[in-house]
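Note that chain A is present in both complexes that follow, paired respectively with chain B and with chain C.
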Partner chain A sequence: MGKVSDYAFINAKLRARIGIIRTETVIDDMIKAPTLSEAVAKLDGTRFSALAEIYRATGDLQQVELALVSNEIASYREVASYLEDRGKAFINVLLEKVEIDNLKNALRIWYSSAIRGHQINSRSPYIEKRLIVHPIDYDKILNASSFSQVVHSLQGTPYHDVARQFADKDFSSMGLFPLEIALDHLWFDQLGKAEAALSSEDRKIASAIFSTDVDLKNILFIVRYRFYYNISAETLDRILLPYGTIGKEAKKLGTMSDDEMMARLKRIVSYRYPEIVQEIESIRAMADDLTRQQENAMQILKIENYLARTREKEYSRLLFGNPFSIGVVLAYFFISRQQDSLIQAVLSAKYYNWEEGRIREALHI
Partner chain B sequence: MSIFTEKMKMLTAVVMETDRDAVVKALLAKGVMEFVRMDFLPADKMARLSGHSSSVPRAVLTDMRVRIETLMREAGIDLPDLESVDIGDLPPLDMESNRRLLDRVSGSLQSVRNSQKELNTEINEISELLRYQREGKMEYLDLRVGRITHSTASELLSRLSQIGGIFLFSSEPYISLTLKRDSQRVSDVMDKFGWTESTDSEEQKAALDEAVGKARADIEEKKRQLEELSHTAAGKIAGRKDELSSMWVNVRIHELCEHVESKFSYTKNTTLFSGWVPADRQDEVERTIYESSSGRCIIEWTDASDLPREEVPVMMTSPKILNPFRRMVDNYSTPEYGSIDPTPFTAVAYLAMFALMFADLGQGFILLLAGIIGTIYYKKNPLKKDGIISRYLCNLLLYLGPASMIGGILFGSCFGLPVFPALWFEYEAVVAGTATEGLITTIYDILGITIKFGIVIIYLGLVLNWINLVRKKRFFELVFDKNGIMGGLIYTLGIWFAFGFVGSGYRTFPSASWFAPILIASLIVLFLKGPVGYIIAKKNGKAEGGIGHLVVDTIMDFVVQVLEIFSGFLSNTLSFMRVAGLGIAHASLMSAFYQMAEMPGNTVAYIAIALIGNVLVIVLEGLSAGIQSLRLNYYEFFTKYFTGKGIAFEPVSFKSRIVAD
Partner chain C sequence: MTAYAFKRKIGLSLVLTLVLLALTAFIFTPTLSAAAEAVQQGDNTVAWVFIAAALAFGFGAIGAGMAISNVGSAAMAAISEKPEIATNALIFIALAEGLVVFGFITALMILGKV
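Showing the complex of A and B:
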């Protein structure tokens, strides 16, 4: 089938939905609401009204968040059902990201129970246990007494090979961080393969979007782990995603000494993302009495904000591009996920009785 | 009723500051005035007046009103009808005490939600145990049956409850059903109480059923409590219904007054305000101001004709019965002040088009029935949100149904079957090629009818445009515009020519001695548009550019104008063939469904297929006919006379939807 027949229907459908999302004032109304219950009531009459009903029936925000995850999964599946095979396979990989996030949550709960010895009964019911993409036995993970049982629960999924490289002893020193990084690597590998299978124009769009994502994720890794945890250049090299400008360059620098490698990476970041470097430098210029930790936390915040702004711009640009491409689909998922995250964030803020101004400042709204 | 938009008058009034509140409330109760800022006063005079300063900003009032509405909606409390409220009796607005009350109501609601959350968490925990038992995942469960040697069962129960699980400790042997992942914690507690596991296999076997039974009973009980709490939440607000309702009335009226007064100007002791009023309500408004200010007022009226037309708000004059069609017009734009109200013409054109495309007595009756049922349903459920079949659609169906039924009578069609003789011609027979008698026997005849219908609609549009231009005294456009007299004349020539050609069986072009001179004369007049316009502009001192500029402009304008007239009118006219197209599709689809219904050869299948066919045709064809009728109105009819340069008249009343700026 041609591009027009592939994307005509889904383009019209998603653009209509994007139009509705963009004209909604629900986030603003929720922020203005003085209490959590009143904020939830603002969801009535919007596409989130089912969430308000769940809250009214249970008073439980975690139940609402679980419903948001289910909605997100349903949305990926629905869009995939309207696409041809290559597009469907690509969306499936995007859905795997939701699955990996869900798996990470389950692993964190398991870690809390099996390694830390904490009670998890009030947290375990809020994991999405139904099939997302691969048949993961979440019950087995949540009830596993050792990591080998966790590995067993992942049999028949691509995560099994990743998980079996780890053992219980690995978690006592580094926590779940290496496993989570390994899962991220796996997902970006899958994404790369799915991208390669797309048509040339779709591939160009997807790779432009995701290579910036990878770059910024790698910059976050460098700032967070190299400076914060002071890990060696060699370990950092293992952590960095081998995609995008930063990842590819880092691979080339593999044999260099720690200091040399960091200096080169800094140069690459300044060349490719000068704005980030400027913003990071402005932190020290504005306050020179910060501790190393405070400075690092602010750096991470600046990078995350930059990432959010860049994504916003790129996805908005996609909407003005070729309508008969994967662009509108990616933009829709971004906008809809952004909306879901904002709703989640506002509800949490209301739960902790944050003032309107503080919420706006934190969410940059 | 006039076919033109309502005549408007501008009121300017001065009242004493002490009477301001009473005057505003009286005018709000009347709800016939659109207030405007007094920008027409010279700047030096405006500088002497002061603007409105409010004790409570409107945005604050709006936020509070929205908050009250949110809480009222949460308990299913309807908003009071402001028109039935005695606004003279309102207590002073105390924002602080209102806020305190709202905080109290909201706080008690939140505390109920928190209790619900605790219950829900407990339900989730027990559900996990039950699910494992149900799915046979016994390896995740830890069932213990035994007795204790130290302390008391209630003490043990209280310690185990912190871990979570199902515990039956009312009689020995004691039963504990927990998750295996908690077994170490459970053992640690039980060891302190000297727990001895029962070795009786019968006790062990019975224990699981007992524990599961208790778990189920616990869940049921907790769900009941959860449900009860959710009613309690609504009840907590409902208990404050009267306070909330009167607070809402007070805040809403202050909000409306703030909206109106924000447009007022003030001297030390007087208030000046201005606004538009329909001319036929002039006396009524004057009397209202006079009475509410006890005669301490100065009122001045300005006729709309003394002000620029584009500043005058437009109020349509069409009767309420035509509201569904008014909405179609509003959706397109607002007509200019003093021009023809398009609503009645739209109603006639839309219904005629729909009847030609969807002519069926039976199916039209179904549409009418759907409209009646929907209207009654929405009337009974005023708070119900619009579904796919919205209130507006139900209202429209009340017109479309009868239109379709009339079409069905004209063409002898009922559910796609020729069950009675047609008043005009049998549409189905013509489409099937079996019609032999009468003037209409082929599909080309049907196409011809719709083209003629289109020509009538286009001429009607042109005539309405000429009337509008005469009323607006735009004689230059009346003569030279493509939708003016010259455009109409060339269109007439085109129609004569086309009909002559078709009449000859597409063999020869018609000829007449008057044809060429009239056409050339019309084209010359069109060519003169540029020079004449230039002379007029020069006379008014508005001419721009030199002769070279004029020549280029004239030639370009002429070419574009001629192309627009020839291609535009041709495509506008042929566009009406879609009326025939949809009518033919309707007849063909029905015929196809009946042929399919006959294929299985049994009555039940016949009825089922015929029924499905009718439903599909009603939904799909009905929708298509509705959309195409709208499209023809918007693109072929409105473009001829409807400039849409007006601004809608929006009087402020208790029913207004005013929000914060």
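Showing the complex of A and C:
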């Protein structure tokens, strides 16, 4: 089977679907709606009409969010079912990201309950407990009284080994962040392996887009954690993802002084993402000035927005590339996830009674 | 479509195919017997002409089949998501279908030389 026969059916389906999932007018109407229930009503007659029904039946926005996650899982499974083995394995790794995010949510709830002693009854129903990729007993995690029980409940999954490394750590002082980062690292490792198994053209496309993704993540890690929160170089070295242009130098960056790191980062960033060099410099300059923390936080937001736009451009460009490649599939998942996030964000904003102008400003619409 | 209606359609298509085959045989019988005579007299050129006609039609049909399998499945996939593009999608299927028509015409032209 050639590339054309592998991708003709699924890519034609997804390209046609991309045309109908772009919901700019629906989002616009939702933002203009005066109340949450009127905003939800705007979803009737669209592909999100099931969400409107769920909201009307439960009056619970978090149920709507859970339904969006279920839709996302179903969409990964559908696409995988139309691909040949290597493509299927790759999509399964993408689905693992949804599972890891779900697992992180479960771990956060466990943390609230077991470490902080909070009541979690109201939060536990909002975890997707059905099988995503690996069999995980989420109820056992949520009800675990110690982290070793959490580790035990992850047996038989790739997350078990990662969690085991944290078995004797004191979560009350370090929080869940290191564990979450370790799970992200695991996912990028799996992604690298699945990428290597793809055909040469698909591999080229996937590796280019994910290396941009990793670069953008690493830039944010350095800016946010090193320059803003001032974490140690050693901790930064553990956080940085060892892929992409920046990741390849992670070890070196971990041993550099702030000024050296700034100079190196500037050189990398000015080549690929020139628009943010100035913002990064000003964050570095203001880092030690406590009176300018808010200004600094705004600069980080600016960088985040720029990186999000860059990511969007990169994914949209995939649609203009080879129509018989994994590019269309990746672009579809990105656009679909982006639409879901927009719907979710507008609904949350309406729930908190945000005004139209404020929503538009926050979402850059 | 009920199972009965489906079976009736299949039956009808089979009958039509047989009728078409009989008609083709009837039309080409004189040519075929002339060709058989020529071959018996040791003239192999006619045999090559028939082989050329068969190849022109056969490869045209195989090419069209391969093209339609891809274009058709892509068209069906797109139509299932967006029914309003059915007309456009069918045009692409027809373009692929054109290959077999070209093969058929070429075969007829070759046979006309006999």
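Operating definition for what follows: the second predicted complex is superposed on the first by the 326 of 365 C-alpha atoms of A that agree within 3 Å, B and C clash if a C-alpha of one lies under 4 Å from a C-alpha of the other, contacts with A are read in each partner's own complex, and residues count from 1 in each chain.
To be clear about the criterion, a residue touches a chain if its C-beta (ideal position, glycine included) is under 8 Å from a C-beta of that chain, and two chains touch if they have at least 3 such contacts.
Everything numeric here is computed off the predicted structure, so don't read it as measured data.
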Touching partner for A:A197 - first (chain B), second (chain C), both, neither: neither
First, second, both or neither for A:I120, with chain B first and chain C second: first
More chain A residues in contact - chain B or chain C: B
Contacts of A:S5 with chain B and chain C, given as first, second, both or neither: second
Partner chain(s) touched by A:K13 [first = chain B, second = chain C, both, neither]: second
Partner chain in contact with A:R56 - chain B first, chain C second, else both or neither: first
Interface residues of chain A shared between complexes with chain B and chain C: none
Partner chain A, residues of chain C touching it in the complex: 69-71, 73-82, 85
Residue numbers on chain A that touch chain C, as the complex places them: 4-5, 8-13, 15-17, 19-20
Interface residues, chain B side, partner chain A - complex: 63, 66-67, 70-71, 73-74, 102-103, 106-107, 109-110, 112-117, 119-121, 124-125, 127-128, 132, 137, 139-140, 163-164, 179-182, 185, 226, 229-230, 233, 385
Chain A - residues contacting chain B, complex: 29, 32-38, 41-42, 44-45, 55-61, 63, 113-114, 119-122, 124-126, 139, 142-143, 145
